[in-house]
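Everything below concerns the one structure shown next.
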Amino acid sequence: MRSSIVAFLTDFGTEDGYAGAMKGRLLSLAPHVNVIDISHEIEPYNIQQAAFCLNNSYPHFPEKTIFVVVVDPGVGTPRKGIVLETSKHVFIGPDNGVFSFVCRQEGYRAYEILMDSLDDGVSSTFHGRDVFSRLAAWLANGRSLRQNVQPIEQVNSFLNPMQQISKKEFLLEVFHVDHFGNLILNLHKDDCLKLESIEDPGIRYKELQLTGVHKTFGEVAEGEYLLTWDSSNFLQIAKNKGNAAMGLQASVGDSVTLFG
Amino acid sequence: MRSSIVAFLTDFGTEDGYAGAMKGRLLSLAPHVNVIDISHEIEPYNIQQAAFCLNNSYPHFPEKTIFVVVVDPGVGTPRKGIVLETSKHVFIGPDNGVFSFVCRQEGYRAYEILMDSLDDGVSSTFHGRDVFSRLAAWLANGRSLRQNVQPIEQVNSFLNPMQQISKKEFLLEVFHVDHFGNLILNLHKDDCLKLESIEDPGIRYKELQLTGVHKTFGEVAEGEYLLTWDSSNFLQIAKNKGNAAMGLQASVGDSVTLFG
Amino acid sequence: MRSSIVAFLTDFGTEDGYAGAMKGRLLSLAPHVNVIDISHEIEPYNIQQAAFCLNNSYPHFPEKTIFVVVVDPGVGTPRKGIVLETSKHVFIGPDNGVFSFVCRQEGYRAYEILMDSLDDGVSSTFHGRDVFSRLAAWLANGRSLRQNVQPIEQVNSFLNPMQQISKKEFLLEVFHVDHFGNLILNLHKDDCLKLESIEDPGIRYKELQLTGVHKTFGEVAEGEYLLTWDSSNFLQIAKNKGNAAMGLQASVGDSVTLFG
C-alpha cells in the first residue's frame, strides 16, 4: 500500500512548533504526501475530545488515508504506541482510548509499535515526531512495518455500555460540548433504534425536559432547546441560534436521563 | 473547468472534526485537489467577519480557485445555498451575506443550489459537508452542475450605502476589529476618492479626532493613534505598536464620523 | 534551485484573511508549491515566541524548504526585510530577531531585500503578502533574486550569552512557556555539556529546587515538577500530568538559577 494523504490530529496547538516539526519530519521522509490538518486545537490531554473529533472526520476521508493522532499524556511512560488497520484506513497513535470509536465501529487489526526497533533518534518526550510521523511516512512510502510492529489483541477504549435505570429509562452522559455549545450525548441513532423500550426518545437534564427528535434547528423558535441527531448521528441537545452549553451551564460528564 | 485549489472558510473551529469532515469529503470525491485553509476560526455565526475575511483573501488566489464558505446560522431553515461565478473564481455557501463584498466588487452569475437534486445523504444540520463540499468537488472535477442549480437574480448583502449627515460629514461604522486591534471602517479608498466633499479624510470617534491618512504606522510615535488604508484599502484606525480596539474600548458597529 | 514546499509562520491569526491572502498570493505566482502552515497563532508581535516556534520546526523539514516568517511589528518602518540561505533551507522575513536560533546554529548567507526593486503593488502595511510571499514564490520557481537583494553581514539576534553569577552558578531565564505549560529555559544541552563547572544540572526558581535531568515525565509522581531536555534539547521545567506555568505562576523572562 502506498498512501498519499496523512491527516494530523493533536493537542499541540501550533505556536510552539511541535505540529510543524511533525509535518516537517513526515515530508522529509515522504515528500509526495498531501498533509491535512484535522486539528491541533484539542484541549491538552483530552483523549475523549480527540476521539470524538476523529470520529466526526475519519469516515469521510479517502481510502488509504493515514491518521496520526497524538493526544498523549502518557508519552514517556510504558503506554503502547499502536497502529490500527481497518478496511479503509490506517490509524497511528498512543493506545489510550483515542481510537475508541474506530474500534467500536470498524473491523480492525491492531499492532503494537516496537519502540526498540526504532534504532535512533527517538526522544522520550516527543513520540509524535520521532515515532508516529516516521511510521506514517514509511507506510505512505509503501514500506512494510513487519520489523517495527507486532500484532496485539486488545486496544484501550473508554466507551462503556449505557446503564439502564428503569424499564423505560437509561442513564446517558454529556459526552462532548462542541464549538457551538451543542451537548453531544453518548447515544448513537443506530443503538437507539435497537432499544425496544424507547419508542420516541426524550431526555431530562437539570430543569430541562425535551421530547421528540427534530430534523432541523429551525423547527423550534429562536432561543428554544431541542433534540436532534448530530452530523455523526449522536443524540444532541441544541439551542436554536444559541449556545446550549452556556444556557444550561453544562459540562462534559453531566448525567442525562433518556426516556421514551 | 477543472480546478486544483479549494479554499475553506468556516466558523467551525477544528476541535470537533467538522472541518476535517469537509476536507475528507472533498478529497474522497476529488483527490487531486490542493486543500487550503483560509480560516476555521471565524466567530460562531459572525457572517460579517466571514465576509471581511473572504474579502481580504480571495482577490489574491489563482484563477479557478473554488471558495467554500460555511458560516451558516440558518442551516436547516429554507435559506438558499448558492454558487457564484465571477470571471476568476467560484464561491459556494449559504445566501446570507457572506459574499457581500464579492458581489459589490465583481461581475457575477448566481445560482441557487437545488437541494432536492442531491438525492442521498444530505444531513439537515451539516450542509458544509453534505452539500457545499460535494459541489466543490464536482466542480473541481469539471462536472457540470446543470442538474443541481438554477440561475437566480438576487444575492443577499449586508452592505448599505454610507449615510451623509451634513455637507462635509458622513456616518461610518466600525466594521471589523482585526487580530491586532485595528478598527476597520466601512469606507473603501475608491469610494472615498469619489466623495467630492471630502478632500482630506479625518474622523471623530469618541474622544478621538484624527486627520490625514498615513502611509505607515511608523509615521506616528509609539502608542499614538492614526488613520491608514488597510491592506484591502479600507480606512482603519490603528495604534502604532498598540491595540486600538483595547485602547478605545471599541466594538463592531460603533459609529464614526467622517469629515474632510 | 526550485522548491516545492513553502512553510508559513505568522502572528496573523486566520480570522482576518491576512494569512489566506499570503497563501493566495504565493499560489498565484507558484501554483506547484505545497503550502504548509507551521502556525498563524503566534502571540501578536511576539518575536521571541516566533523564533522559538521556528527553531522547533525547521530542522525537520526537507531540503530546499522555504520558510516565510512574518511577525513584524516594525512593518512600515525602515527595518530590513531579509533572506537567509543555509545549506539546507531558505528563510524570508523581517530582520528583527525571528531568525536568532537559525543564525546561531547554522552557517548562512544573509541578504537584504531591496524594497525599491519591487516596482509595483507593495503596500506599506502588509509586506507578508506583497514582499515576503512574492519572493518565496520567485525562489520556488527557481528565479534568481539577484535584482532584488544585496548581501549583508549582520543579522539581528536577541540571544545573549548566559551570565555566570558564581563559580558554579549561572543565571538563566524562562525563555518560553509552551502550550502545555512547560517552562523552557535558555540553556541548550550542547552548551550545558561545555560548562565544566556544571556536572549535574540543577535549578532554583522561586520556592522550587530541582536536581538531575530526567528522561521522561513518568519518572516522577503525578503532579511533581522535574527537569528534562525538551524536544529541541533545551532545559525545561515540567510538571508530570500538570501545567508547570500555572502551578508556579511563571512568566516569560523570569530568572532561574542554574547550579551543578
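Chains: A, B and C, in written order; residue numbering restarts at 1 for each.
Keep in mind that, in the parts below, a residue touches a chain if its C-beta (ideal position, glycine included) is under 8 Å from a C-beta of that chain, and two chains touch if they have at least 3 such contacts.
Note that this is a predicted model, so its numbers are computed, not measured.
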Interface composition of copies chain A and chain B: same or different, split at half: different
Chain A onto chain C, rotation angle from CA fit, given as a multiple of 5 degrees: 120
Chain centre separation (chain A, chain B; CA means) in Å: 31
Multi-partner residues of chain B (at least 2 other chains): 37
List of chain A residues in touch with chain B within their complex: 4-5, 7, 9, 34, 36-43, 49, 52-62, 65, 176, 178-180, 215-219, 228, 230-231, 241, 243
Residues of chain B touching chain A in the complex: 11-25, 27-28, 31, 35, 37, 44-45, 73-78, 123-126, 129
